[in-house]
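Below, chain A partners chain B and then partners chain C, in two separate complexes.
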Partner chain A sequence: MVIRSSYYMFRRLFRNYIGMSILLLLPIALITVLGLIADNAVDDTLGIPMKDQVAVSMMLSFLLFGGFFTMEYVKEDLLSSMKWRMYSLPYPSHKHAYSILISCTLFNVLQSFLIVLYTLFVYDVNWGNLVFVFIILLTVATVVQFVFINFVLGVNHYKTAERLGTGFGLACLMVSEMWFPLPEGPFFQFLSMYSNPFALGQNMILATITGENIDKAIISFIILLVSAIVLAISGAYFGRRKLS
Partner chain B sequence: MAIVHMKNIVKRYGSHVALDHVDLDIGEGEILGLLGPNGAGKTTLIHALAGIVGFDSGEINVFGKEQQTNLMDIKRQIGLVTQEITLFTDLSARENLEFFGGIYGLKGETLKERIDETLAFVGLTEHASKLPTKFSGGMQRRLNIACALVHEPKFLIMDEPTVGIDPQSRNHILEAIRKLNEQGTTILYTTHYMEEVQNLATRVVIMDQGHVIADGTIPELVRKIQHEEKIKLEVAEPSDMLLEKLRKLEGVKQVSLHGKEIHIISQVGAGNLDRALSIAKDFGGILSVSAEKPTLEDVFLTLTGKRLRDREEE
Partner chain C sequence: MTVFQFVFKRFFRKKSNSIFLLVLPIGAIFLPVGEWPPIPLGFHYYGIIIMFIASRLAAIIMEDRANKTLLRLSVAPITHFQYLLQNLLAYTGILTAVNLVFVMLGVMVHGESVPSPSLLFIIYTVYSITALGFSLAWYAIFRNKEAAFSILGGIIILMAMLGGVLWPVEIMPESLQRAVMLLPTYWVAEATLLLSYGAPSEELVVPLVVMFLFCIAFLLLGSRRRLM
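Up next, the complex of A and B:
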């Protein structure tokens, strides 16, 4: 039933034109404009073209906000008046929550992967091994979706969950030094490198592109996996409390 | 034979007792009209029966099976038409039915056939590929019903299925309910429209403050309050003195003036019709006279002290 339900979730996601515009067309537009500005400049620190760095940052930035899909569908199907019909079905509501989570995660990965393909073919961005990139996207998206499902199930008001989601995304970008550098010191260095899905995803993708800092990428991958397990457990706890 | 047996059901929300030791049986093939003022506990009862909310004590048996231990099995045989429109607005009418039919275990050709039949039954065949957002309120209500019918439930629970729709769609829905019942579906029906219950229900249960306060056929319920009769006199010159004289008659409980019409509620058998007529003759004459037997609305008013719908709502 989860597979059947996920199939219809995909249909719904593909008809979510606003979501598609914000999380697919907007990053593509931004990458296009910023890529044109970057031209052939090279990032001295990383040793890769600026437009490659822009593509990685933009794709991961928008991936962070893909959790809003999960929040929105959990609210629509299981927390609004629709829940009465869903609860009356011979289909446990937590299974429907799983199907939302799975569909939104895969959809989010697909959207991000389309950005990868666009930048690969249009801007000749070197992404390294695309299979690795796909796995990295899947890992980051899973953690992000779990974070958002914890928000929507863990708080009483949807508005609060929305604000937490926005705050989470912006905080990730901020501590990853997207806008300004953090103060120097081991604590801030750790924060900017390993504290959030954006930074962890970036570590892994840059390792795929450059072939360097593999150890950093492996540590990042392990942190993401552990986070996913912890968030899945807390999500299940909140779900049991809220959806039963 | 009862297909639903609820015994001593108690449901509390904090300190509020939504269902207070409710006993209810629903016989196979019945259309049971469930009435009650707002907050009476109707929706809680429906949700408890459909297995949506748990209850604190008591026992529910559906189709001879204990509900708590056979919940999924029982849910497969029940259809719930919710009070609100509960459809996936981003799936077409057909896709909505595919989704819900699939959840009930229908597949392939059987599912397709059932969808076609259900769409035809609610008159939406031509609109099958449209999104519900393109539908009128009445069409959305019909699709809302179709989603509860696609798996051919033996027992259908309808929670105010005709709220806020045009008379044409309402008639369509009421006709569909009659047909379903003729085909053997047992129906539990709640509404705020008294005339719907009068037209449809084979039995009526009235709830108030979490209790079942009356249970029976409409004639049985009417007999319960038939100790009163209502006399309506249209007079040429209504005056306070006339009303005062009528109030003084033995057995008269209430006299009220509505334009030129005087409503007298009196004990049955008090013989007040003759006396009222002779008094009214002295006040400029009588234009018309009528005596009414109690209706289901009167039963409801007498038992709950409230109207089913406020006049403004109507």
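Up next, the complex of A and C:
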């Protein structure tokens, strides 16, 4: 049942042109513009071209906001007046929540992977092994979706959940030193390295690109897995409370 | 001038709107002087902030269309021209007040490094009208308010990048440098740059006139009455 409804959710996602234009076309446009400016400059600290750096950070930062799909559909189907119709069906609403989660995660991974392919062909960005990149995207997207489903199921008002989502995304970008460097010190270093899905994903992708710091990537992967499990448990708890 | 008054009532009834009007400009004031351009960065980036505020203001017209207020207004004894004029006048008033506060606070914080406060204020005010026209034209294309609003955010950032607000236009490829003259953001960046390099004030006329022409073009595109 879940698989079958996931298929229909997936088809529904393909018709969500607004979501696609924001999460797929906008990053591609931004990467294109930034790529024009980056030219052939090389990032000194990482030793990779600026274009690669821009592509990695853009792709991951838009992946962070992909959770809005889940939030939107959970609200639309399970929390608004549509929920009475859903309850009348011989189809438990938690199964629908699972199918929303699965299809949105896959859709997000697909979107990000399209950006990866675009940058690979157009800007010749070296992504390393694409299978690894796919796995990394899958783990990061899973964690992000779990975070967002926790938001939408955990708080009472949808507006609050929406704000939490935006705040989460921006906070992740901020502590990963996307806009400005954090102060010195071991605490801030840890914060910018391992504290959020964006930084963890970046660690892993940079490891596949450069082939260095593999240990950092493995630690990041373990942190992501553990947080995915914790978030899944709390999401299930909140879901039981809200959807029954 | 009932519509005019009600725009204020409607806009300031939501607390988040008043906060939104103040947070970005006040945050921008405290930005330091960067390597480029030779004025405090906040004054250069303020063009983007104007666009964001304008997009929020013009969303009121979109809201009217989406919840069919416009349809009801068409049976009321008020012409569409009056409705539009009073709305836009109110938005311009709000934005001008914000500009005035921004320039005054900016002068207080940065003092001597601000080139000419009165000319800056004129540039911002003309650009505010252009930005309102742009938002109006943008919202005229869409039916769904949420979609229009969220895509517009990305478009504004892209326009700012291409128009030379975030970095000099000169570092972009030759072919693009000519094309971006079609963006209104290019002209506001050009105007503030001219001012910051101390060009004579006659040279400011070209960007100001172009911004005004943009405004007329956008208003022509956006002012058509669409009931649905």
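The definition used in the following text is that the second predicted complex is superposed on the first by the 244 of 244 C-alpha atoms of A that agree within 3 Å, B and C clash if a C-alpha of one lies under 4 Å from a C-alpha of the other, contacts with A are read in each partner's own complex, and residues count from 1 in each chain.
Note that in this section a contact is a pair of C-beta atoms (placed from the backbone, for glycine too) under 8 Å apart; a residue touches a chain by one contact, two chains touch by 3 or more.
Here the structure is a predicted model, which means the values were calculated and not measured.
Chemist: Based on the superposition on chain A, does the combination of chain B and chain C result in a clash or a fit?
Modeler: Aligned through their shared chain, the two binders fit side by side on chain A.
Chemist: When the two structures are overlaid on chain A, which partner does A:L36 contact: first (chain B), second (chain C), both, or neither?
Modeler: second
Chemist: After superposition on the shared chain, which partner residues are touched by A:P90: those of chain B (first), chain C (second), both, or neither?
Modeler: After superposition on chain A, A:P90 lies in contact with chain B alone.
Chemist: After superposition on the shared chain, which partner residues are touched by A:N156: those of chain B (first), chain C (second), both, or neither?
Modeler: Touch partners of A:N156: none, neither chain B nor chain C.
Chemist: Give one of first, second, both or neither to describe whether A:R15 is in contact with chain B, with chain C, with both, or with none.
Modeler: A:R15: touches chain B, not chain C.
Chemist: For A:M82, using the defined touch cut-off, is the partner it touches chain B, chain C, both, or neither? Pick first, second, both or neither.
Modeler: Touch status of A:M82: first partner only.
Chemist: Please indicate which partner A:T45 is in contact with in the superposed arrangement: first for chain B, second for chain C, both, or neither.
Modeler: A:T45 sits against neither chain B nor chain C.
Chemist: Which partner chains sit in contact with A:L26 here, chain B, chain C, both or neither? Use first/second/both/neither.
Modeler: The answer is second: A:L26 touches chain C but not chain B.
Chemist: Given the superposition on chain A, which partner contacts more residues in chain A: chain B or chain C?
Modeler: Counting residues of chain A touched by each partner, the higher count goes to B.
Chemist: Put simply, what angle do chain B and chain C open at chain A, by C-alpha centres, to the nearest 10°?
Modeler: So the C-alpha centres give an angle of 80 degrees.
Chemist: State the minimum pairwise Cα distance, in Å, between chain B and chain C in the overlaid complexes.
Modeler: Nearest C-alpha pair, chain B versus chain C: 12 Å apart.
Chemist: So chain A touches chain B in one structure and chain C in the other; where do those two contact lists coincide?
Modeler: Touching chain B in the first complex and chain C in the second, no residue of chain A appears in both lists.
Chemist: What residues of chain A sit close enough to touch chain B in their complex?
Modeler: Touching chain B from chain A are residues 1, 4-5, 8, 11-12, 15-16, 81-82, 84-91.
Chemist: Using the touch definition from the top, list the residues of chain C that touch chain A in their complex.
Modeler: Checking each residue of chain C against chain A gives 144, 146-147, 150-151, 154, 157-158, 161-162, 167, 171-173, 176.
Chemist: Flag every residue of chain A that touches chain C in the complex, lowest number first.
Modeler: 18, 21-22, 26, 29-30, 33-34, 36-37
Chemist: Within their complex, state which residues of chain B touch chain A.
Modeler: 47, 50-52, 72-73, 75-76, 78, 80, 82-86, 88, 90-91, 95, 98-100, 102-105, 147-148
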